[in-house]
Amino acid sequence: MSGVPATAARTPLSAAARLRKGKWYEQPRWRRLGALLALAVLMAQVTGEQGVRNDLFHALEQNFKGGGVGVWVGIAVAVWLIREFFDDAVARGVSRLRERAGGPARTVRATSGRLFGRRGYRWGALGALLLVLIVLPLTVTTFWQQVLVDQIGVYVMLAVGLNVVIGWAGMLDLGFIAFFAIGAYSSAYWTGGLPVEPPVELNNFLVIPVAVVTCLVAGVLLGAPTLRLRGDYLAIVTLGFHEIVYLVAKNYAEFTGGTRGANGLDRFSLDLGFWSYDWTLDPVPYYWIQLGFVVVIIVLFLRLEHSRVGRAWTAIREDEVAAAATGVNTVRFKLLAFAIGASTSGVAGVIYASKQAFVNPEQFVVLFSILALSYVVFGGMGSVPGVLVGTAFLVWLPQFLRDRVDPQDRYMYLGALLVIMMIYRPQGLLPSRRRQRELRMAGEGVSGADALGARPGGERG
Amino acid sequence: MSLSDIWDVLVLGVVLGSLYAVIAIGYTLVYGVLQLLNFAHSEVFMSGGFGGVIALTLVEPAAGPTGLQSAGYVLLGMGAGAVLGGAVAFGLEKAAYQPLRRRNAPRLVFLLTAIGASFFLYNLAGKLFGRYPMKMPTMYENKKLFEVFGAGVSVTQLIIVLAGVLMLLTVDLVVNRTKLGSGIRAVAQDPEAAALMGVDIDKVVSRTFVLGGLMGGVAGFLFGTNLQVDYTMGFLPGITAFAAAVLGGIGNVRGAMLGGLTLGVVESFTVEIWGDAWRYVGAFAVLVLVLMFRPTGLLGERVGRTA
Amino acid sequence: MTAKATTTDDDVLDASGVTLRFGGLTSLDDVALRMGRGEILAVIGPNGAGKTSLFNSLTGAYVPQEGTITFRSRTGGAHELRGRKPYRVSRLGVARTFQNIRLFGALTVLENVKIAAETRQRTDAISIMLGLPNARRDERAGDEKAHRVLSFVGLEERINELASSLSYGEQRRLEIARALATDPELLLLDEPAAGTNPTEKRDLEHLIRRINAELGVSVLLIEHDMKLVMSVADRVVVLNFGRKIAEGTPAQVQRDAAVIEAYLGASAEEDRAAVADMVAEQTDAGPSAGPSAGSPPEKSPEKEERP
Amino acid sequence: MPNKNIVRLAIPVAVGGLLLTGCSSDDGGSTIKIAYQGPLSGQNVGLGENMERGVQLAINEANASGDYDFELEYFAADDQGSETEATAAAQSAIDDTDVVAVVGPAFSGPTEISAPLYGQAGLAAVTPSATNPTLTEQEFGTFLRAVPNDNAQGAAMADFLAAQDGVDSVMVIDDVTPYGEGLSDVAVASLEEAGLDVQRQHVPQETVDYGNAARGVVESGVDALIYAGYYEALGPFTTRLDEAGFDGIGISGDGSKDEELVNLGGDATEGWYLTCPCTDATEEPGLADFAERYEAEFGLAPGTYSAEAYDITNMIIEQIAGLGGDPSREELYQALAGVEYQGLTKSFSFDDAGEFTNEAVFFYQVTDGVIGYLGGTEELIG
């Protein structure tokens, strides 16, 4: 292998490249035009017709005939002309606009800084926020209440847990929903909803600690042999684990109820002797349970992040070799993160199962693991506020788009949004400060931190 | 299981494994040069399937084609699959990954981009061509050709294995014998050194993507011939092929071939013994076991980073 | 400047027969190394001589195929280091720095050191999450210790700055501070003077002596800068091509023909500079430093046969 | 430090909340809406759209006919065929007070979650296609199944095979979906009752290669094969069965009765039997006419359950008209529960549990690349 660079050096690649640069289409200006035209054609397809059955070319024909392509190509050419020939004017205009907009923005920032800067104000603001969050569901339609509980609430909880694994400990976990499934099925099992009778039937509130322990054990069982693996390998192994959990739920019908799932599960109920309450179809009380758990979990996790555990995670994430040489038991801390994430996911599963009163395997497909991961990264890995907002936004968006674009295309737009976001704002919506620094350092080539915990060839010391 | 059963199951496994191997090449090549888990490669594969369907729908294969016609159709389908696969891979690299590469973005950002691109691409394909499965137009009469120890081999199966072997040999030659190959290896080993020595990294990376895309596209066409084509067809084979690449030692071209074949055969036997429902359990169990004892995969990570 | 007395019982480190191979390449070949408690021992040798491999073998990053590495802690236990995990080696009391500084750049100076100071703490995650008194106590203890260590190395002013924003020399010191915060008995410094300016070098020399004298830490040092080695080390071990070719006091090693030859045979620029340094030291410091250099060593140096 | 972080949650969450509230306003109108809940995006959109178009066609025709003095509007509740989206989809229909009845949910899984909500809201949910037998046992309140459940089809398949000469052993393969498993449960039980030798296999619908499954069928030497699943999977499966040399009787259910089956499976589907609780569009003059109008409206032929969805919608419209054009949800449900309606595909009526009372199952066979009508169960078995 040592001979390779030498071979490469001998081949006159650079010289050839320089020669080729002479051709007109290799010049940046024309290249940009080409790229813009390609983008225009793509956009025409993106915004064009839906395909139909038995006529493969229907949509393509319509898009080209219908003038969609023409419009987009026109826009592309116009953009190109402006960019190439009136660039200075545009730049001046933009900077003037920015200045004008900068004033108010600065005022806002300063005010909010003053507001949140002082301790007293800070707690006040937090209290107000909590109050807003408590009454929030009462101000929206039942539809949004359902979305708030079944989708936003669930995913926010999952994202807070996944953030520990990926944002803090830097491990790429593509099987996070597997623990969500384990939590949901635990709830079904311990409340007697599965075909198999549990030793004792528990109230859903009591199932939560049981589910936490179950997920902890599952997390450790999966993590112990695999956490030594490098980042990408861990990704595929967790993905495989997820697939196996899914397949077991689907195929081991004697225990899980198979594809038809288990219906009529117990919902939450509280009986304090003098006062009892049963959760029913109404989504709002579940929301309050979720909110309570999320607040508690966030407080606990933030303590953890700013303790020796959080520092050890950062160390592992940034440079595993150096962390180990400093005496950090890397495997143990990774396992801890993994288990904490898993149990959070489990709690979310219990709440979800109780709300839906129905579990079946299709609610825990691999796609959801990938979605959860994108929510975390989109919001800003490692930053709790970022993760909360990112998740809430990305879950909300398809629902919001429901009546505004063809519902079939929602995930296409989501995908495009992710790509654009990663190109222009890779640190996420509200990044954590540590992560932002790491990104900047990576960009400058200062640090080897690559946000995956292990860097390529890092084992070599 | 009788002996002829075993051969039967083995043939099925090898056919599926060849497809996995060819797809895995795409993952492994890209991983070699970028250390990137190119999640969107499954969509490159899907494009290949659509490429085949589009080309063959345009020419409308004659009913009861002669042998020569059949061969022509198959080659056309493979060519169209390769072209569309390569084009999508190229576009993907230029539009999504190159801006990140310029900024030296962390790998997780790449991964998320890849996931986003994958969502975008398969939904776009669904939108353009309909979200329905479609059959590859009939190119030949798919009859049993010959037997290997009592196990029948059909035309499709033979084409898949032959094409697979041919492509794997080609890639191996390209990587080990050509200028592009030495560029790929140099970049894989040490991008900075490679750049210093005059390797045009952008070009090498983009050509690596295209090379992987060509392979993936052909695999998509072959897969579509064996099953059918639809906009979500990339997901499962993509994941399995990625597992195959890891199993063989990611970044290692020969490892990807070995890993693909291994997983294909393991799947086939798992299905035979425990049923279709448990297909992936066997495959992933093997993956985890191998990684536990050989953390760098069966053949280790070869293309670039030798320890 | 006399080499310190070394009896077997008081050896802090005793390695023998250490052999490390990568594939067909032998990186360390039957290397033996003894280090007395409180000693400053330097390992020198041309580039690629196996110095860093030796460090990695001592700290658990590599597992040599053969040999024993015994570390004796002050409390009397003898521990085999070969094959022990890096973090366990560190907990035993062996700390290290890296040739290419490996700090946690996105953390502050204080946090960098705290990570090391806290590795022996036992509070569990639950107490931390609940904010129990023992967790708070630990947090304070870690803080105090980190402050102490930082003021020892002279970085107390820069506690809240990002590690990556420090100057090169400061980063070196921070890395040493991080190592010291693990309460080591043996400190392994991998080229601490690389890239530092003359002032920083002098500070470093001073710091190493203080670590040795005030904290009673034995220091194993890899260094290219011969001036530093000659002035700070009690003894010197010379490696070339993975073999030990000389051992003795700085003065003895300086005059060793095999050593000079090894350096002259090396190709790297800095190695040639080192030999120039060595010769320079010999000519100007040699005669005047007569008494100390000429005094018989308490332990006869083990030397390879000279040609 | 921690405090600052908590604070940074504040702004965005508040903004999110505002956005949520901002979107929740809806203006009341005087039109009447009929909703359809089913997969309008995601994997199973093909099936969902078949039904959606049926519903739309019925609404468009009603509005165009001028027979009614109320304006109808279509309301789409997309559940992606997924349980996670089921509450939101159902709730969107419930929240819109103009919606008086729902056609759907299309799938059994989402029905488990949506039906209780409809029940609570008193909104009638008439499914054209959720066939899992347990659904009507759960007393959802307003759930009506306008399609025979899987029991009828499974039993019909078993009876049919038992009546064939030379069929002693049968393999039942399901596609590991609630539909497939439900159907194959019933089929297996009925076949065992009839004294046939039964083997059962599960082949997930997303499987990457049917080679192993086809081999298994041929190796087992069974005389007949029941496939409980959808046409997307049966198409390629028949191809592999053909290659493997399977020459027994093949039979599948309504999930596979789609023109597309022949396109996907080609010649290999020749001779396959299909059961369906639906009568044939080409047999019935009314249905042939429907197919023409459907094609004129949407540019493509009606698919599985298009006609059923059309029928159900028309049934609902008729009840609305019967109730004076402005019924409450409750009134409409009561009217529907006691309905006697003759549609194009079949006659509709429900028992107390909301179960379909007409259990007629019809047989079809693929001959010369066309799904041809054979007749009702009684005619065939005699």
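Per-chain residue numbering starts at 1, and chain names A, B, C and D are given in the order in which the chains are listed.
Keep in mind that, in the parts below, a residue touches a chain if its C-beta (ideal position, glycine included) is under 8 Å from a C-beta of that chain, and two chains touch if they have at least 3 such contacts.
These numbers come from a predicted model, not from an experiment.
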item	value
For chain A and chain D, chains touching each	B
Number of hops, chain C to chain D, where each hop joins two touching chains	2
Chains most often in contact, by C-beta pairs	A-B
Centre-of-Cα separation between chain C and chain A, whole angstrom	43
Separation of chain B from chain D, taking each centre as the mean of its C-alpha atoms, in whole Å	36
Intercentroid distance (Cα basis), chain C paired with chain B, Å	49
Mean-CA-position distance for chain B and chain A (Å)	27
Multi-partner residues of chain A (at least 2 other chains)	52-53, 250-251, 303, 408-409, 411, 438, 449, 459
Residue list for chain D, restricted to those that touch at least two other chains	45-46, 176, 202, 204, 260, 263
Of all residues in chain C, the ones touching two or more other chains	none
Touch list for chain B against partner chain D, complex	5, 8-9, 12, 15-16, 131-135, 138, 142-144, 154, 223, 226-228, 230, 232, 236-237, 240, 268, 271-272, 275-277, 279
Residues on chain A engaged by chain D in the complex (per definition of touch)	52-54, 112, 116, 119, 122-123, 125-126, 128-129, 132-133, 136, 139-151, 250-251, 253, 258-261, 263-264, 281, 283, 298-299, 302-303, 305-306, 356-358, 360, 362-363, 368, 383-385, 388-389, 392-393, 396, 399-400, 402, 407-411, 429-430
Complex interface listing, chain B residues touching chain A	31, 35, 37, 53-54, 57, 91, 94-96, 99-100, 103-113, 115-121, 123-124, 126-132, 134, 179, 182-183, 185-186, 189-190, 193-194, 197-200, 203, 239, 242-243, 246, 250, 277-278, 280-281, 283-284, 287-288, 291-292, 295, 305-307
Chain B-touching residues of chain D, taken from the complex the two chains share	43, 45-46, 176, 201-204, 206-213, 215-216, 219, 232, 235-236, 239, 243, 260, 263-266
Chain C to chain A touching residues, read off their complex	52, 56, 59, 61-62, 85-87, 90-91, 95-96, 98, 102-107, 111, 114-116, 118-121, 123, 125, 128-131, 135, 138-139, 142, 162, 164, 178-179, 182
